[in-house]
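As written, the chains take the letters A, B, C, D, E and F, and residue 1 is the first residue of each chain.
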Amino acid sequence: MLDRLLEEGALDAFAMPVQMKKNRPGTLLTVLCKPEDGDKLTELIFTESTTLGIRRRDEQRQTLARRWVTVATQWGEVRMKIASLNGTVTNYAPEYEDCRRSASEKHLPLKVVMQEATRQFLRRGED
Amino acid sequence: MLDRLLEEGALDAFAMPVQMKKNRPGTLLTVLCKPEDGDKLTELIFTESTTLGIRRRDEQRQTLARRWVTVATQWGEVRMKIASLNGTVTNYAPEYEDCRRSASEKHLPLKVVMQEATRQFLRRGED
Amino acid sequence: MLDRLLEEGALDAFAMPVQMKKNRPGTLLTVLCKPEDGDKLTELIFTESTTLGIRRRDEQRQTLARRWVTVATQWGEVRMKIASLNGTVTNYAPEYEDCRRSASEKHLPLKVVMQEATRQFLRRGED
Amino acid sequence: MLDRLLEEGALDAFAMPVQMKKNRPGTLLTVLCKPEDGDKLTELIFTESTTLGIRRRDEQRQTLARRWVTVATQWGEVRMKIASLNGTVTNYAPEYEDCRRSASEKHLPLKVVMQEATRQFLRRGED
Amino acid sequence: MLDRLLEEGALDAFAMPVQMKKNRPGTLLTVLCKPEDGDKLTELIFTESTTLGIRRRDEQRQTLARRWVTVATQWGEVRMKIASLNGTVTNYAPEYEDCRRSASEKHLPLKVVMQEATRQFLRRGED
Amino acid sequence: MLDRLLEEGALDAFAMPVQMKKNRPGTLLTVLCKPEDGDKLTELIFTESTTLGIRRRDEQRQTLARRWVTVATQWGEVRMKIASLNGTVTNYAPEYEDCRRSASEKHLPLKVVMQEATRQFLRRGED
């Protein structure tokens, strides 16, 4: 459901377990999207889930500036996602899909590829 | 608390576990209601819980059209709740209280009654 | 992170576990603050966490009137936080830090100190 | 489900939200019972839930000594559950069902009745 | 991680959010496997996750008898998983992967395919 | 509570939100300890919490070999915790308390200190 919403244009989506009336467990789904995608995604949620009601509200969203840097590892190239606030790098992380592909091709643990990509990225700062 | 709020006019209510400051566990209670019920339910929450603060915000709510269909099972009648989007049925579910009553009277598992009511409902589509 | 936000002026802060896309666990952080502190706390969250986006919205907040009463226990004074709705006391609780300090000094279980402070507070009503 | 299990002899039962394979939310049900009730409760869970498997293990359980004390409030009698460790009272709490009945009969908030019962219990220590 | 464990022979795997020391959020991973797969899966978890310790215990596991029934829908065949206790059917559910494939090929909501497969299965009982 | 248990000799401790009977939220506390510390910690939990019962079971625990490496950052020394499986490093992480102290002294974000310590550690591998 989460991945389906992202394919259809949601900016983000996540789920939380909640306790509902009559002691029943439920799931609260939260979806972020551009205002113009609201109706389409509302219809998708009604069609794909068993919910009877959806709440909508306007929110302001601030995001860090993001860019991609490609690093070379012995098992292939991996993109690093770099986030900056006022020009200062605050976060960096290897792209999950790139690492998973290399790990799968080379029969390596995913964690090994992610650690190596991070190491190569941090080494660049040395130059 | 959830059931009490629904009795007093809340449209929906659910609870989520949260982690608060100083490493203490807490519960976030969310209540949906019509704007005119806001003050009454706010007072109820302050009176019945130990919270010191309640936040309120306006939200738009979209719901599916709902209707009830009664089906006959060998253990009595059960209402099915039918939800539709633009005229197409998207969800159906036996009413919990109806099934629970039949199950209790006939000493049957609740699940057996719910499955049978659903089966009878789907059979109708055959006619 | 929660305690850091409260030091910097947040009125409240709490965290909830969420399930994100691609089957990854995450944490949803919620921070309440005065409108004029929004920019400062947004920058703090970007600097201290790995989030790439923060959502903001306006909410109305209603709080109970609060006052402090000091009670004497055999292990020292403890403040009780008293909350009232329309002049009626609805909640009372011993201050965590006061009890923790007494418990630590006297090598007593924290719970014993909290129970005794509550008992002394309720006795006052007898006079 | 939880209340049903307790009716049938479970010593305790609680539920936890879990994240299952293929990104689906689930609920982990934990039931404590005497060894001789294991088979009966296993069958009940299979009959009433949609689970396909149940795990069982032996555990040692230590409980506090418990006794009941009845206190009089202006709205009727309420039992207090008192727990002791090596002869020292470590916990006390008003019985939920007793308070709920008084609150319902007198149209009072449940919390008011629970607070008053606790107050009357603690006053006894004064004598 | 969950799907990886199942590929390598785990009988089941699920994750739960936990609150760890120093106010940090964590995830508790539970894996069920045959005794002879314990060492292999322990090594996999150490290699793929950041955990520093794994606990193991023996448990008895009881499962319902399961069989597969294939039903025909207008969009292709779908397997139903049927679970029985002492010869009585207690659960039935359409196979997720079969429905997802049909839904994707025919550009239908997944829920529509799952509902139709269930309806066809229940109709069989009519004959 | 978690930190208190660790001070008294627990090997690990964590908490999970659970849903209890009568629709009440609760917290499941899990504590790992050596067999000889079981009685002491059981008594501590009974004394400090409101629980009425504690379950105990034996489990096998496997841990990675761990060692400490000290790295120099421009803001002081930070220990890195290195975990290995069969001689291969599988995890490394800067020690939280060391980073927090440097961050507090130099008025830097905690994350900046942790990132720098990790960078210095990975650089060592270059030599």
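The criterion applied here is as follows: a contact is a pair of C-beta atoms (placed from the backbone, for glycine too) under 8 Å apart; a residue touches a chain by one contact, two chains touch by 3 or more.
All values reported here derive from a predicted model rather than from experimental measurement.
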item	value
Both-way neighbours, i.e. chains that touch subunit F and touch subunit C	A, B, D, E
Selected pair, out of C-F, B-E or A-B, that shares over half of its residue contact pairs with A-C	A-B
Separation of subunit B from subunit C, taking each centre as the mean of its C-alpha atoms, in whole Å	31
Multi-chain contact sites of subunit A, meaning residues that touch two or more partners	2-3, 15-17, 19, 23, 25, 47, 50, 57, 90, 111
Subunit C residues touching subunit E - in the complex, by the definition given at the top	1-3, 15, 17, 23, 25, 27
Subunit D-facing residues of subunit B, complex	47-50, 109-112
Subunit B to subunit E touching residues, read off their complex	19, 23, 25, 90, 111, 118-119, 122-123, 125-126
Touch list for subunit F against partner subunit D, complex	16-22, 26, 28, 42-43, 46-47, 50, 52-57
Contact footprint of subunit C on subunit A as seen in their complex	2-3, 6, 11-16, 30, 32, 57-64, 66, 83, 85, 90-91, 93, 96
